[in-house]
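In what follows, chain A forms one complex with chain B and a second complex with chain C.
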Partner chain A sequence: MTVITSSPTSPHQGQRPDRRDSTFRRYLLQYGLLIALLGVSAFFAAMSPTFLTTANFASILVNSFALPAIIAIAMTLAVGSGGIDLSVATAVDLASLAFVGTLAAGWPVPGAILAGLGAAALTGIFNGLLITGLNITPFLATLGTLFIGRSVQQVLANGGNPVYLSSSKLPAAVKFLAHGSFLGVPLPLYVVGFIALVAFILLELTIFGRGVRAIGARPQVAYFSGLRVRRDIVWIYLLSAAISGVAGILLSATVSAYIPYSGNAFLLNAIGAAFIGTTFGARGHANIIGTILGVLLLAIVANGLLLVGWNFYWQQVGTGAFIFLILAFSFASKRRQQRA
Partner chain B sequence: MTATGESPTTGESPTTGESPTTGESPATGVRLAAQGIAKSFGATQALGGVDLQVRSGEILALMGANGAGKSTLVNILAGVLAPDQGRIIVNGAAFQPRSPRDAVSAGIATVHQSTDRIGVPGLTTADALLLDRFASRRSALFLSRRAVRRQAAAIIARAGISLPLARDFGDLGPADRQLVAIARAISADASVLILDEPTASLSQTEAARLFDLLTGLKARGLAIIYISHRLGDLATLADRAVVLRGGRVVHDAARPIDFTAAVTAMIGRPLAHAHAAARDIAPEVVFHLRQARLGADTAPIDLDLHAGEVVAITGPLGAGKSRLLKTIFGLHRFASGKMELDGRRYMPGGPAQAIAAGVVLAGEDRHRTSFLPADWPGGTIAGTISLPYLQRWFPHGWLRREVEDRAAEAGIRRLGIRASGPRATLDTLSGGNQQKVVLARWQAEPARLLLLDEPFQGVDIGARADIIAAIRDNRLGATLIATSDSEEALEIADRIFTMEHHGLRPWAGDNLLPTTPTARSEVA
Partner chain C sequence: MSVSYGTAAVEQHGSFASRTMPARPARRFLHRGLLRTGSLLVFIAVFTAFSLASPLFLTFANIVTVIGQSAVVGILAFGLTSVIIGGGADVVRGGIDLSLASNLGLGSAVYASLVQAGYGDAAAIAATLAVGLSVGTVNAISIVSIGILPLLATVAVMNICGGLELVLTQNTAISVSTPLLDLLSGTDRFGIPFLAYVIVAVAAILIVTLQYTAYGLRLYAVGEHREAARAAGLPVQAYVVSSYLISGLCGGIAAILYTALLSGSTTGSGEMLLPVVATALLGNVFSGRLLPTIGGTLLSTLLIGFLANGFQLLHVSSYWVSGIQGLLILSVVAATSLVRRRRS
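Then we have the complex of A and B:
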């Protein structure tokens, strides 16, 4: 017993968790993404007078938020189920090609939209069958689809040439879809809002969402609990592709054309946003609100860097650095929280 | 149980005073001394000032019921958690680990109850044994397969066990994983070894192997802290027993240990002697297995299960107990033979169909078969219970929290689950309460056949009685239990079978069963 008292010990002073401190840290951890978003906005607002203008924000929302957000929501579904969907790009392109191709062939707008969604859905079903039928991991299955999608576009579009819609052939409805507004809010933002709401409800409030989350966390537990794992996986990739298809249709309506491989531009952004989004909330899984904030953050960083005059070619360095910062902060706090 | 018949190696009682000088001999002295260890999680005090000493060549039994603070104490000693107060001395030096790695370098080797994180599927057993060395900065960048095999062989030779070194770690059973964990832990020159429920998933033969290993380590001067709910193990091994209750030490006794007193201190009341009482079983056959073969060339199995009957299957690990249960649950197919449920042909294509038919399985490792991560949607008591019934309870697809919560509250009441409420996450529950949640899940809807694989894994005596009562209370359906512990079988079952080499035969007593009163009290 004397050993204890005579030994030069000191209590764990540095590690004693202060209650207030840990509560604060928990909030910081949970809402870090929101704080980062506000911090970044404040920084750019201070650096550039144009940043905090309505015009700039409208431009951010319409040009660099709407389409990436839709595709990132699609990605969130796949990530939430424990997978990933690299072929969102393919779904965007094929939807765009089918939409523009059928319009050019004189189809009515609703028919062209259905054709676009159908083309996208095909890639989703293809992914779902590869993953569940052949037991290929989602990463490789959707990567394969991404490659195949390239070839399909080359075959169908004369070696991968753009298809333009002449303005005489462009129906008014399509113009309205891309450039119209309702109550002062551009139409694409309604589409984003609608899809985000549906995806949020699906993931958070339905048994389908609960099952998908179970599959994402522990597929074996889901299977042992009697969930129809394969069926749900097929649905997830079908939904992911169909939602990406909406983005493809909006994209072609905006540029009045099908531009080959344009979906690829959104892929990394969507992955980034979905994974940044996992840091939002206490739980660390893919969620719609986090994804939306992630897309906003990436859009604002890109826009702000441009406004403060950062060389355009270096922009992606800024984006990458932000992703590192957020993830590093989030994981470090989580580790510390687990120890405290 | 194999009695080692060995007297304590320490000559003097561990509680007598130490020489007042600090420079004590490390060969016989106190290896680890903790004083006034306190730790709270939010408003809950897990430990309220615990003093603990363990000496060289001593096996200390650390006992305590659900939530007594054993896991918290182990996690503090292992460097996983930092204590709020108190100090720890290891080998005469202050011990303030900032990570589990610090604890290992200070000489404290810990083998946690869950052996999942010991290795990774895709690595061989030899790789798993050497993982710590791979992770070390001094490790060579490239190691030939031969070198890995040689070093791994040296590690298990030192531990005195045999393991299939070339086998994929993912294919190892829980017993072998446990041995890997121990061999690896002591390979790093440990002076204190902490074992949390090491025999939870071991058969008697394997447990005997483990005890031989521990006796050898003790003779080499290791200080061992041994946590177990199996009194038989403790009676065989322990030199001293320390009992925790409510985060405090309430009992400290050296050999000869009066385990009845220890258990009374542990649960706060004397334990009534309970044994599965003989009772009348309805003649109604619920489940019928005819000439079923698990493999093409194994013996055929015939089995009739009656309504309200509890049947246990014992036998060593790998005998095919789990396989039989899983096959009935639709995870595998019988090579031949047929199954009938309530007189109708039953051939499930998978768990979903089995559950729909009323055949449910609580798998061996609850974390891998029943639970979602605690920080995940569905990682609560309510979410765990509702997961198999989502379609049935919410036919329109909308989750309704109040329905889930009601089912969870009913289960919490019926089984006496100690939790803050239906939305309590699983990581806030002790092992016994977790197992009650699993049982509550499969009793939330009346099942025709309840299959339980090792239902007492990591469950303490207090919770065990509740679980047994709940299982035997089920008078409508039949219950089939697989357990490697024949005492558990005796305690719970109306009928017992033994499984060997994928064949089934009626149980005819077992020479491994303890007959001494001390060991017998485990059955209580």
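Then we have the complex of A and C:
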């Protein structure tokens, strides 16, 4: 890191910086997130003997990685299209409410899952229509949806009260969904893996994904190139909401309850991870691998700080400061690169 | 990112059309006027409807109480407005300060802890304002010197402030009572809450500074077109820094009022963030050219305050308030984009 922070810019104009040095720096920048992840892991492994244990990693992955990762993937779709989706929180909550509500009413599990996904998808369609039909910017449209979603929850859940599923009513399939494992790997991780894979293929390997990236880079050019911008945007927000809905269903399966506004807790970290993820790779656009690394980094830092003996409150400060440092590092070197 | 999808083309065609066809200023004026009058009409309609529906609404005591209760959110929204003025209206790349609510939480925690530790009001006020200004400084440095996107920089600062607040309070409410806090949470002999005076005073100072001085005009220039402002010789970065300092200071002032209103510091100040963002953005429609203005933000703060109060008086469930706030934002923004499209 010292290579970058020392000032390599030459004082004489016209004299080009050393080419090998700049290639090295470019790689360092592109894979900085991965390097940070490894560095942080090595640091915590040296500081705490429990860090590098299978049990600890399993706990990180299940407890503080799976759900944030799903929501961050949803956010990545919106960020990749040049927008942002603040209402992922609403989609999480509404999916959870619909899932728990229908289960409590005696629906079978597949029906309840469909109801949850459907409720989440509604927020996505609403966003898509606001953005494409009424030309509201994504930030404001999804902010509005977030507010409306709050009211909807209060009205439907009797003032925003939690809905608990009594353990007698809890179907075995729901317990399995949250706590089961297959081949030694917990089920939620399969869900994350599946969603990440689908989203990766969709964004990186399909025509749809290329279109979305074009829209994210230059919406006007995309429009004049004949892309069906509006249709793609509606799809993006629909997918973003549906993926968040999966997180909502997993969340309520884990705690066997609907807890109002619980989605809000994920929102800012998802935004952080998606944008931190844009620093990964050469092109600087939102990408699934970068996002996953970002979520993993946040989860590992939070876990590691706890293990080295920071209490929960200082851990919040540490995580915040750490995100800040990563952002500062990546934006400062990007700026330096642009100047060079 | 402020480019609205698909309308780009429509706007382009619109501008071709206006070049070939004679301009119709009257119609343009009509649209713009309609929106501004429209938003004022909404305000008046809300006011009249509640006055007719509840005899308690249009009373002096009720109105000044609502103004007083709006002080905390309002002053935070003023801070955000100044940042949006200096940074431009694009929410991701332009000016935004998401650290405001946790700045308030941290400031309030500092105030309460200092009083609890035996310090007086003067020291606590100084420390709280210093916290606000430092948060503003950190935001400014990270955005202007390091070049982090404002949205991300202020989210990170928000997390740090939220964490520090937890460290200070250990996630408990600290209740304190001092002569100044009692005074601020009370009313004067006409029954006007002191908080109402504070919000009016802060609004007046900011309106004068941002709307009627050379500094304010230049801040708008920096926000509207940074390159042009730079070409005109303005120290652009200094102006952006100053807008974040104003915002941080507003966070500090709001923290003192919040501590007075709740007689102490409580957890959960972060809940205030999205209402503040919504209030500041809603303020645009109350200005003639759909720009962020302090006066507009004041009106939107009061509109939301009166809405919540009116519903309470009518025994409409408070469940609907945030939904109506959301619909209000959406309809206002949709109307704005419609007018913008017509205009170009």
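Worth pointing out:
Here is the rule we use: the second predicted complex is superposed on the first by the 322 of 340 C-alpha atoms of A that agree within 3 Å, B and C clash if a C-alpha of one lies under 4 Å from a C-alpha of the other, contacts with A are read in each partner's own complex, and residues count from 1 in each chain.
Methods note: a residue touches a chain if its C-beta (ideal position, glycine included) is under 8 Å from a C-beta of that chain, and two chains touch if they have at least 3 such contacts.
Please read all numbers here as calculations on a predicted model, not as lab measurements.
Contact with chain C, but none with chain B, is seen for A:T145 once the two complexes are overlaid on the shared chain. Once the two complexes are overlaid on the shared chain, A:N135 sits against chain C while remaining clear of chain B.
Judged by the touch definition given at the top, the superposed model places A:L293 against neither chain B nor chain C.
Of the two partner chains placed by superposition, A:L97 touches none, neither chain B nor chain C. Looking at the shared chain after the overlay, A:A328 reaches chain C, while chain B stays out of its contact range. After overlaying the two complexes on the shared chain, residue contacts for A:I249 are found with neither chain B nor chain C.
In the superposition on chain A, A:V155 makes contact with chain C only, not with chain B.
Between chain B and chain C, the partner in contact with more residues of chain A is C. Of the two partner chains placed by superposition, chain B and chain C are both touched by A:F224.
Shared-chain residue A:A214: touches chain B; no touch with chain C.
Common to the chain B-facing and chain C-facing surfaces of chain A are residues 220, 223-224.
Interface residues of chain A, counted against chain C in their complex, comprise 82-84, 130-132, 134-141, 143-152, 154-155, 159-160, 215, 219-220, 223-224, 229-230, 233, 268, 271-272, 275, 312-321, 323-324, 327-328, 331-332, 334-335. Listed in rising order, the residues of chain C touching chain A in the complex are 1-9, 12, 91-92, 98, 142, 146-149, 151-153, 155-164, 166-167, 170-171, 274, 277-278, 281, 317-327, 329-330, 333-334, 337-338, 341.
Within the complex formed with chain B, the chain A residues making contact are 1-4, 6-12, 15-17, 204-211, 213-214, 217-218, 220-228, 282-285, 339-340.
Contact residues on chain B toward chain A in their complex (touch as defined above): 17-22, 24, 29-30, 33, 35, 80-89, 92-94, 96, 98, 331, 350-352, 354-356, 361, 363, 368-373, 375-379, 383, 387-388, 390-391, 394, 397-399.
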